[in-house]
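Take a look at the structures listed below.
Look at the two complexes coming up: chain A is in both, with chain B in one and chain C in the other.
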Partner chain A sequence: MTGVRKFLQTYAIGLIVLVVAVVLSLMTPHFFRVENLLNVMTNAAVVAIVGAGMTLAIASGNFDLSVGSTAAFAGCVSMSVVPTAGVAAGIVAGLLTGALVGLANGLIITELRVPAFIATLGMLEIVRGLALIYTQGRDIYLYGQTEYKVLSGGHIFGIPMPVLIAVGLAGLIALVVAQTRFGRHVLAIGNSLPAARRSGVRTSLVLWGVFVIVGMTAALSGMVISAQVLTANGRLATGLELSAIAVVVVGGTALSGGRASLVGTLLGALLVAVINNGLNLLNVPIFYQELTVGILLVVALALSVDRSFNPFTQLRRQQ
Partner chain B sequence: MNAPGTTAPPLLQLRGISRRFPGVLALDNVDFDVRPGEVHALVGENGAGKSTLINILAGVHQPSAGNVEINGRPIDLPTPLSAQHAGISVIFQEFNLLPTLSVAENVFINREPTKGARIDWPAMYRRTTEVLALLDVDLDPRVEVRDLPVAQQQLVEIAKALSFKASLIVMDEPTAALSEREVERLLKLVRTLADGGVSVLYVSHKLTEVFAIADRITVLRDGRHVLTENRSNLNERQVISAMVGRELIYTTCPERRPGEVVFRVRSLRLPGSPAAVSLDLRAGEVLGLAGLMGSGSTDVMLALFGLQPVDAGEVTLNGSAIAINGPQTAIRAGVGFVPDDRKKAGVLPDLSVMHNVTVGILDRVRTGFWIDRRKERAVIDDYGQKLNIRYSSPNQMVSGLSGGNQQKVILARALAENCRVLLLCEPTRGVDVGAKAEIYTLIDRLVEAGIAVLLQSSELPEIIRLANRCIVFAGGRPVGELAGAALTQPAVMELATGLGRDETRVKAPAAAAPGDSGNGEEAGG
Partner chain C sequence: MSADNRPDGPAVGDSGSVSQATARSGRLAAARRSRDWDVMWERYGITVVLLIIWGIAALTIPNFSTRDNLVNVLRQSAFVGVAAIGMTIAIISGTFDLSVGSTLGLAAWVAVSVARVAGVGPAIVAALAVGLIVGSINGVLVSVVRIPAFIATLGMLFIIRGFTFVITLGQAARFNGKSFIWMGNGTLASWVPVPFAIFVVLALLGAAILRYTAFGRYVYAIGSNSVSALVAGVPLRRSTALVFIATGLFTAASAVLIGARLYSAGPGLEPGYELKVIATVVLGGTRLSGGRGSMLGTVAAAILFATLGNLLNLVHADSFVQRVAVGLVLLLALSIEGVRQRLAERLSRRLAA
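== the complex of A and B ==
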């Protein structure tokens, strides 16, 4: 029983993605086409980019509910800068916006000692408000500035830019977690904040770093989304925070912190995108997509390694 | 002495109890009995099977083989509720209390007296007061449990057991979080319970308590029953060798050869403390800080590692002043720290043994930007061998190690940080006897090698065993220093309890006044 469960936990997501893909290929001829597959991967990438940052936050024992708002704000700031200062400056401005929001999150958590849940919930509203104020509630279009589309429409060897960004980013963060002092300290904090502190880890500094990175990945997601339609507005990416947390959890990273699976997050995002795409192709009404993702989340958690935040697990564990 | 008649039929009889977990035989054919009105001590090292046995009696685990009999009748204990119905009440080390509910609600949880559909509050408060009176405790039944100090929370647990009319109360390490005075009070209470006909199965590895209270003693080792014997027929040495299967070595401190003063603390004043602390610590010595809970010795340790704010004071290491404003600066200056709460503040449970040791020194095992696994591996191999840490692989999760080995991992972490001064808080708390002896020898070796150790411990035998010098704290201030032949348990206790020292008695009335609930403020320190 435990052996089977362990196997499933380790390889489940990859296997499930494969099984679902095979089933969909058999059910509809439209699924297994290069164009559709690239489309699915692009959709997955948009969530996976911010999911990669979110994985880091969850590994540190926190999470960030403000990423959707940050994506919108950064998208708007970025696009408003492009006409006067160019695409590169626009991207930098977007990333900087995300970094600043992240730093604010970090400071609220470590200096004002507000729990991450409340701090980032507050920032969700604050940053959404800022985005709406900044745009005066209007859309920002980029007429003629099609270079910005490189973020969403660019290709290298036929692979869409968002996919390259997502995979590259996940790889980079995985490397940071496994091989750098910063990454190890993130895991240490996720394991036990007091123990990490007593070991000489500069806990506040590390957490600021984590939230700055999450903010920047959120900004990147927001800019990719904006680039897809060359339009941004303050209502962009609503609910992105929950999709991001969902793909991280479906990918097998425990909400209790101390571990990170970036490959899992990529596959989690892919699984959600494949299922949504399949339901679309099969003409299943859109409401069922939400239902499916919800069921997926529950199943993923039921199989997950660590459900220690559920009191019923603790009850059973108590020796 | 006041042992109940040896002819009385047992209240509880265990017959051939075995319990198998995947890969482990936690209990192997255990037989013993508990008589009515008896205090029966159950001792054994960690991993001897005590917890499993307790859990079987509590209805949490089921035996793989064997029978539990109550009053001669075999019973099944499939759930905690069934254990309750059988008259068995287990008080776990981590209490089963609901912190935001009142004392009365906790005592009568699930059996609240009702009037129609509504809870009959007056009746519940009255009956709670009655039960508490049996324990000779004056406690407001309306107070929320979280507002009570640990010792009184324990009384609530005992009151709960009594209100169930439990005939057997199992206490798991009941004194782990209590001060010496609270321990005394508890032991008295246990005796009262037994005299009133309730049997108590007292599970502990503190032998002084066991010998003070038990009528009979049962020893488990490696899941097997080793002996059950009247206390009067046993001495501590026999029990220890039954527990560990070998004789333990010495109980006093080996000769230390202190060198130069390396760590100097001058006029360290903590917020709210009545007096400043100064001390000199020499290389190659162990200076003990002793005192009852809340005496201030723990606060000094925390302050010296930068975990507690300081109003004033100077600290020098090897002659140069160091600023202590956080663990990082302390570590950089050469001060190492082993916290008293291994689970909460010590180990990083989901990280490997190797990562636990190197977490503070990742700068030293890097090649450029990246952590170099070979260098990291060399560190763990080195300390693993030096400290004799037993792990199956450096990549094993630290949570899979025994308490003693986890403690060694934390020690290795501090040593890897190149400390010259080591602050040890309760270095063997929750560690079994064998590992304890091993950790003592380890500390001896470190001290021999020239490390200066400041040791804070609530276990006096530990202070006597390790320290060549000891500062005793009471009421937030140092009240005396003992060294050499004068450093004995009674001498320390005398200072710590303020005996014969009128001014301490005035300064710390709670610690000096015998009796009831007045010592609440103290426990928070």
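== the complex of A and C ==
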């Protein structure tokens, strides 16, 4: 029983993606075409990139609600640097912006002892405001600087760059979680912060690292989004934080912390993108897409909820 | 190093020699003092801060203390404040509700649409019915299906927003009947804006529920420790469901006021509202971890945010700066406790040495 359950929990999301894909290819001839599939994967990648960072944050028992704002700010900073300093410098500037926001998050959480939820909620407002002030509320265009499009439109062996970034990033973070001391410390903190501290984990340092990584992944997402249309503005990626958390959770990473499933996050992002694409192809009004994400979240969690740590059941066991 | 040393309770020393014992009692006394301070700050801190800001603003900014402006500030505080009453109950019980932003949009649209065809009374009833239904669904998802509240209400946020777009086809409803818009724009005795009066009455109601009903005590008990509460005989499932129904109802009340204020409501109302409401509650001194919090703080925090926006308008700061200011105030208010804790720890360590 537990074996079956565990198998289902690990691979359910992959199976669901497959089933949905098969159903869609039967319903519309347009789904199973190379351009469309690449398009779906690119859409999934934008959320999966920041989702990979968010997975790490959730594994450490925290959230980062500021990622949408960080994506916008980093996208704007990056694009504004490109005309004078070039594409490489622009990308570095964007990543640096993300890292700085992440570091600020980490410092507020560990040094001022503000709970991560509030700290990043405050930073959501602050960084969004900074992005709007920085751009004076206007759009930043990159006329003729099409090299920047390498972030969104580049291909290697026919695979779009955002997909490569998402998969590479998720792989890297999965490796870090499974193979490095830092990764084990992140999981230890996610399981129990006081216990990790008393075991000698330098919790503050680890959390700074986590939030810097999340900030940089958010920045990458923001840059990919702005590269797609070669335009950035302060309103970019509004609500990205909740989509990212949704994707991580659909992917099976428990909100309670201590575990990370990067593959799950990739598949979660893919599932949402496949469903949205299917709705588009079937001419369903765009309003239904949010409905789907919501239902997906509730159903996924209703099926996979871990009932062992629930006070409702705990009492029954004690009696 | 000190950052890695958060207390999980009062410091406990080894008993043994006399000097160690005195050091220990010193530390315990320091811990007790700091706890008193915590409680005072949590309960009254934000109210005092609000009064100080009002005092300074009245002295330094010429147009602040005019009647029209103060009426405006108080009116503005109600639109987030009323929903924050319900959210205060939810957060004290150790949970929160992310679906309020979408619920607001749906309930406001229903209120405006019904007001147009059937009048004010039915509009209020219909909006509250929306709040009741959404709250019940949230309650069932959390207490029966046992989905963590964060995810359940996040899912509902998406579902309700999608649903609202679908039934409204993306169109806003409009109605400017006099008695309807009076609820959002009217003023009593030329000093008290109607939404603020409603806000105060509902806040008193919320405070009374928390203080004088069994449900209110259950809310604190569940927020402190849900397992102990259950063992002590608190009807956990029913109370949890009721908490979400309460947030739904208060959000719906907020929706009526906003619909009446704007003469219109559509599905675009109002992304990010849930985070504003949570920020207000937390600024008011209610702990996110549950078990502690007060309605007074929430009311003061709602007025404080409204005051802040108003002051920045009066000094012609643009709306972008306002967002930065809102975030900074939130972080500042919430970090005071942590910074003070660290100072107290350093002090008690020096006393112990």
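By our rule, the second predicted complex is superposed on the first by the 297 of 319 C-alpha atoms of A that agree within 3 Å, B and C clash if a C-alpha of one lies under 4 Å from a C-alpha of the other, contacts with A are read in each partner's own complex, and residues count from 1 in each chain.
Note that a residue touches a chain if its C-beta (ideal position, glycine included) is under 8 Å from a C-beta of that chain, and two chains touch if they have at least 3 such contacts.
Quick caveat: nothing in here was measured; it's all calculated off a predicted structure.
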Message: Taking chain A as the common reference, can chain B and chain C both be placed on it without clashing, or not? Answer clash or fit.
response: clash
- request: State whether A:288 touches chain B only (first), chain C only (second), both chains, or neither.
  value: second
- request: In the overlay, answer first, second, both or neither for which of chain B and chain C A:125 touches.
  value: second
Task: In the overlay, answer first, second, both or neither for which of chain B and chain C A:110 touches.
output: second
Message: With both structures fitted on chain A, tell me whether chain B or chain C touches more of chain A's residues.
response: C
First, second, both or neither for A:199, with chain B first and chain C second: first
Message: Between chain B and chain C, whom does A:146 touch in the aligned arrangement: first, second, both, or neither?
response: neither
- request: Clash-wise, after the superposition, say which stretch of chain B runs into chain C: 218-226, 470-478 or 488-496.
  value: 470-478
Message: On chain A, which stretch or stretches are contacted by chain B in one complex as well as by chain C in the other?
response: 194, 197, 202
- prompt: Where on chain A does chain B make contact in their complex?
  reply: 2, 179-181, 184-185, 187-188, 190-192, 194-202, 258-259, 318-319
Field: List of chain C residues in touch with chain A within their complex
entry: 3-6, 8, 98, 141, 143, 145-148, 150-152, 154-163, 165-166, 170, 226-227, 230-231, 236-237, 267, 271-272, 275, 278-279, 282, 288-289, 318-328, 330-331, 334-335, 337-339, 341-342
- request: Report the residues of chain A in contact with chain C in the complex, numbered from low to high.
  value: 65, 108, 110-115, 117-119, 121-130, 132-133, 137, 194, 197, 202-204, 234, 238-239, 242, 245-246, 249, 255-256, 285, 287-298, 301-302, 305, 307, 310-312, 314-315
- prompt: In the complex formed with chain A, which residues of chain B make contact?
  reply: 22, 51-52, 55, 60-61, 305, 307, 327-328, 331-332, 337, 339, 344-351, 355, 359-360, 362-363, 366, 369-371, 413, 417
